[in-house]
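Following this line, the structures themselves.
Presented sequentially are two complexes of chain A, the first with chain B as partner and the second with chain C.
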Partner chain A sequence: MISESKFYKILRYVVLIAACVFVIIPVMPLVFMAFKTGVEYTTTSVLTPPENWFNMYNFKYAIRVGNLGKALLNTTIILVISLTIQTIFTTMVSYVLHRFDFAGKKLVHILFTLTMFIPVVTTQTVVFQIIYRMGLVNKMLSVILLYSGVNIIGIYIMLNQLNSIPKDLDESALIDGASYLRIYWGIILPLLKPACTTLVIINGIGYYNDFYIPNLYLRKDVQTFTVALYKFFGNTATPFEIVAAAIFLGIIPIMIAFIFLQKYIYYGLAGAIKS
Partner chain B sequence: MVRTKGTRILIFSFLVIPVIHLLVFSYIPIVSNVFLSFTDYNGVTTPNWVGIRNYKRLFTDPQYIKLFKNCMWYMIVAIPQLIFAFVLAIFVNGKFRGINFFKGVLIVPYLLNGVIVSTIFIIFFNNSGTFNSLLRFSGLGGLAQQWLHNLRLVNPAIASISIWRYYGLNFIMFFSALQAIPTELFEAASIDGSTKWQEIRYISIPSILHILFINVLLSISGSIQVFEIPYIMLNGSNGTVTPVIQIQQSAFSENRVGFAAALSILVFIIVVIAVSIQKVFDKRWTLYD
Partner chain C sequence: MKSKGFLAILTAIVMMISLVGCGVEAPGGTTAPDTPSSTGGTSSEDPSSLKGTTIRVYTHMGNRVLGEEKKDEQGNTYRDVENTAFLKYLAEDFTAETGINVELNVVTNEEELRPLFQVKDDSVDVFTCPNWSLDEWKAYCEPYCTVDEGVEQYGEYAKAMPGVDGVIYSIMPGRAYNQAVVYNEEVIKAAGYNEIPATLDEFNKMCEKIKSIGITPISLHRVENWPLATVQDFAGYVAGNANVFAECLKTENPFSEIAPFGKTIKIYTQWKADGFFEPEVYTDFGVAMDSVAYGRAAMMLFGSWVVPQIQGRVPDGKDPSIIKFAPAPDFGKGRYVLAAPADNWSISKFSKNKEAARMFIEYIAKDAQFIADSGFIANKKGVEPIVPELYAIIDDLVASGDCNVLLQPANDENTVANQKVLEEAGLWADYKYVGLLFDSLDVTKPDDWTAYNKQVEIQNKAYAEYKNELGLEWVD
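Right after this comes the complex of A and B.
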């Protein structure tokens, strides 16, 4: 890199700080609101900070009324099961596509690739009918089932990693008498761990944030966290400072995940898009 | 090469469930949608063939033409969104104090879900909300108004939320493309005595032009699929219905599955075109692999 002029250095900070202000300004009133009392909410401006930053009343109320604890548990169950199934299946498909030649290999590859042309929103008219006939509407299993599919981004991430696992490793294990299943389970799967982590993080964030699918399939008492937050909107009787508190709670898990996984998220998102 | 029966069984058993899932939840639905789009299917009784009636309504009824007009707003805001992301990526690319802090804050909006973003912007656009307060604070109180209830302004207002929500994704793409530029290029330029501006103008920008192009097409295919913000904030009221909201309403509230299928196919075709162009140019324009 060439040395940057002083002007450029200053300009950089001016632009980046302005961008941070742009990010933070809309969020700030929500954070303020979550700590305000009902009276404060109606009497103060949205830009005024709360009087008492330790006012937990709204949070307690939101958790109780919105059943947020149960909703978070549901989301956790859905995420754990579907991400596990999806990741295992993705490694299996990728292993077979990378290490073997067989009739129909091209077709399988094309089938997975072309799914990127089929947005989820354009198939739900029919998928709903299928899920309905399976008797899964309003059951967590519907969302788990839809989330468990193998997608092409996952396959690309795995194929990339498989390129760096030498085939000699498989061959020598084979000579030692190991079966392909053993090679997959004992050699390939452990070495695919970094790719699996990336996949779990990207899809985990996507599924945690997803609204479309759970809103469509979980319409009654079983709710995911996102849908539970949404239900606050339907109930106009709920004071808005309570809604703000609920939403604030919704931001926390994603912030925790982000602080610990920032590196992966950057690397993963960039990698996912590139492929 | 496949040598034994055992390997064939392994290949089959590793692929069978994911492929069936793919067929049942992607391919069969999209193919059935093509068929259903020419029928009056209501989700219960046997569908009757109605020819191109559903498509005709979509192209002639002003109520449905408006769906696509609404999408235009989301495409328009993609322009400032991409410029913003591009500028930030240029500035973040480099070594300076606080880079990780900025990288962290800038990506936050992209990680928040639709319900959170919607709440944030309900507060933002409310009558006594953040935006009006800021306008009044800076002496522009005359411009303050009910952004979400002004039928002429509601669509551009909620479309502009996309800038805040999605620029982070564009930013990451630009940034990682900039990081991928071989450093020798900059070193060579440096030896020739180039300035920072020349470096940006003649190396950085041309090198990530293809990424810009991918982002434009990504924005087009995203605009046609807008759902969450208008649905959560306004439930599609005040003329903010988008094609995907309409699909949902027609198929699941009005039992007009055939019509919803036709609209789905239309959205599908637009996405296919956008993604295909992107793939073709992606291959041609990639400078570094």
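Right after this comes the complex of A and C.
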């Protein structure tokens, strides 16, 4: 007879293994497909492993034809610049909203909140026209500009974090002669680091995977990774084994980033949940 | 309360300003009547003055720019640029002859071009797009010529080109036989047949035989909606009348078995019940084409455009001509093929290089080899057509009188009215009027047609209701 504690231990493992299977199975066909030949892809089941695990043809083809190296570089540039600008803007706005009283403060709060209820897609016709008139279509700056705007979720995360930073710190610095900018830069921003990490993780993942905006605004030479992937799709036929290899390559930077930033990611996401 | 009221007014004002700022010209919203800037598809400007101009061409037929997708000896996918990037070579020849540069761009579909047209962007000069509505053709394309001028150059085919109010917006320099049987000759020979049978009964028997040797008789690719377009044209064969779509207006029960559409959809659904289509969905149309090229399926029911693509996919060492093209069997009124204008080329309304763009399109229309390589037949007056080998069987049957030709009808008042009724009834988009019926039969219960019959009633009722509500009737 199995003891109760042993039963729960087994149950725990069963549940964990089942959870792993649920997570891994959808990814398996992608991995298998990436190493299959075109003929194998069309003739075998998606869950059939490839005949040759060392078939690198699809990867080489994807890199060469899809220009994935350049696309990844473009994505990185866009991410770094827009996330930096967005983080600075969001923290500045949050600092002002949290620490200062001014006429219309509540209205600003409400207007920021209102933007949450407007789906991005519904405003795109107008936004596209504005960006077009600015001459930014097909320029990386268009996407950077759109990604760099203040993020309302970010503001809430920052405001929550600011609640835990005593106002006495600002006041002491003010008495010592520090300017507001100096207080923001020297005290507030470093203390908002955990919230900034959360913001960067949430939006970074979103922007890395975003297809809609880059595809709309970057039509020619400047392509992000997701747009480069889309170029493999034909009007009727698509070589999915090549697409799978390209997606596989796209996962690698995320995995590397995850390995190096694990601590921050866990901490950041825990912070977000707490927020 | 005061602040809430203020906010409500502020929001309303912001929304109004946003809407005013939109300023997007809706398709069909142009007020001035369109007239072709040049008549009969001829250029009026001195060609030498256009030297050095660069025109930007956008096409959804990427295989003619990037090369056909093929498999090498190891089975890996590659693009056969050398032998199949016909448009790329045509553009190079055009540049060499005229001094006008051509920048070729591949788009996956028309959705990618729409935002550019909505802001009247001039970066598109020439484009091919198959799925605009007539309103969109009018809103985004430069009038190419009048229908009368089109008829003079392209015969009766011009009437079926995208046109509104007597003006053609997209010129179609080729003609083709559409909606026939694309088949793998080796497979049907293995089933004991040398050709596609002439009657429906024999055709069904052949499908049974093919199925019995473990091969899928018909590759449908139902996972997407557009393959259902064949059903719409087959209804013309069932009725022996090309105008059958518009003539739905003459009845209130177009989906009943007694009506051509109802009968055609029933034939298709019966094939489904008999297990003639692929048992598992194909992930992609490329896989569906490969199924015929590799002999895992016997045939497809599509237009001639698909033949070169499947021929390009046959395994190394096999003769591509094993992929053949023959008329559909006799559904009761004789054997038919649909003759239609093919390929489409338009000049963007917002192009700043309209003359050079027109020269490029005219250059295409004169290149019988390019049109033949694309699977079509050059149709412009004065151009010696090259008939691709793929039409041999159909041509023979037409010549012997065993197969009749239906010319694709024009988009006339009745066609537009019928489409309107289907739209209002929620049955038009994505060929729902076919798809909903076809899908209502549960393939695991092939003898139970209850759901199908119920769907027929629902669709007939909706059709009659909206036809009456809109007050649309057949106009002689």
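Here is the rule we go by: the second predicted complex is superposed on the first by the 214 of 275 C-alpha atoms of A that agree within 3 Å, B and C clash if a C-alpha of one lies under 4 Å from a C-alpha of the other, contacts with A are read in each partner's own complex, and residues count from 1 in each chain.
We adopt the following convention: a residue touches a chain if its C-beta (ideal position, glycine included) is under 8 Å from a C-beta of that chain, and two chains touch if they have at least 3 such contacts.
Remember, it's a predicted structure, so these values are computed and weren't measured experimentally.
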| item | value |
| --- | --- |
| Touching partner for A:Thr37 - first (chain B), second (chain C), both, neither | second |
| Which superposed partner A:Ile110 touches (first chain B, second chain C, both, neither) | second |
| First (chain B), second (chain C), both or neither touched by A:Ser148 | first |
| First, second, both or neither for A:Arg12, with chain B first and chain C second | first |
| Chain touching more of chain A, residue-wise (chain B, chain C) | B |
| Partner chain(s) touched by A:Val126 [first = chain B, second = chain C, both, neither] | both |
| Touched partner set for A:Leu216, first chain B, second chain C, both or neither | both |
| Which superposed partner A:Thr238 touches (first chain B, second chain C, both, neither) | second |
| Partner chain(s) touched by A:Tyr230 [first = chain B, second = chain C, both, neither] | both |
| Chain B/chain C common contact set on chain A | 46, 123, 125-126, 128-129, 216, 230, 233 |
| Complex contacts: residues of chain A adjacent to chain C | 37-43, 46, 55, 57-58, 61, 65, 106-107, 110, 114, 123, 125-126, 128-129, 132-133, 137, 215-216, 219-220, 230-231, 233-242 |
| Chain A residues within the chain B interface of the complex | 1-2, 4-5, 8-9, 11-12, 15-16, 19-20, 22-30, 33, 45-47, 89-90, 92-93, 95-96, 100-102, 108, 111-112, 115-119, 121-130, 146, 148-150, 179-181, 184, 205, 208-212, 216, 226, 229-230, 233, 243-244, 247, 250-251, 254-255, 258, 262, 265-266, 269-270, 273-274 |
| Touching residues on chain C, where the partner in the complex is chain A | 3, 7, 11, 18, 21-24, 60-63, 69, 71, 74-79, 105-106, 108-109, 112, 115, 118-119, 121, 283-287, 289-291, 294, 296, 309, 315 |
| Touch list for chain B against partner chain A, complex | 1-2, 6-8, 10-11, 14-15, 17-19, 21-30, 32-33, 36, 43, 84, 87-88, 91-92, 94-96, 98, 100, 102-109, 111-116, 118-121, 123-124, 126, 128-130, 133-134, 137, 164, 169, 172-173, 175-176, 183, 186, 189-190, 194-196, 199, 221, 225, 227-228, 232, 244, 247-248, 251-252, 257, 260-261, 264-265, 267-268, 271-272, 275-276 |
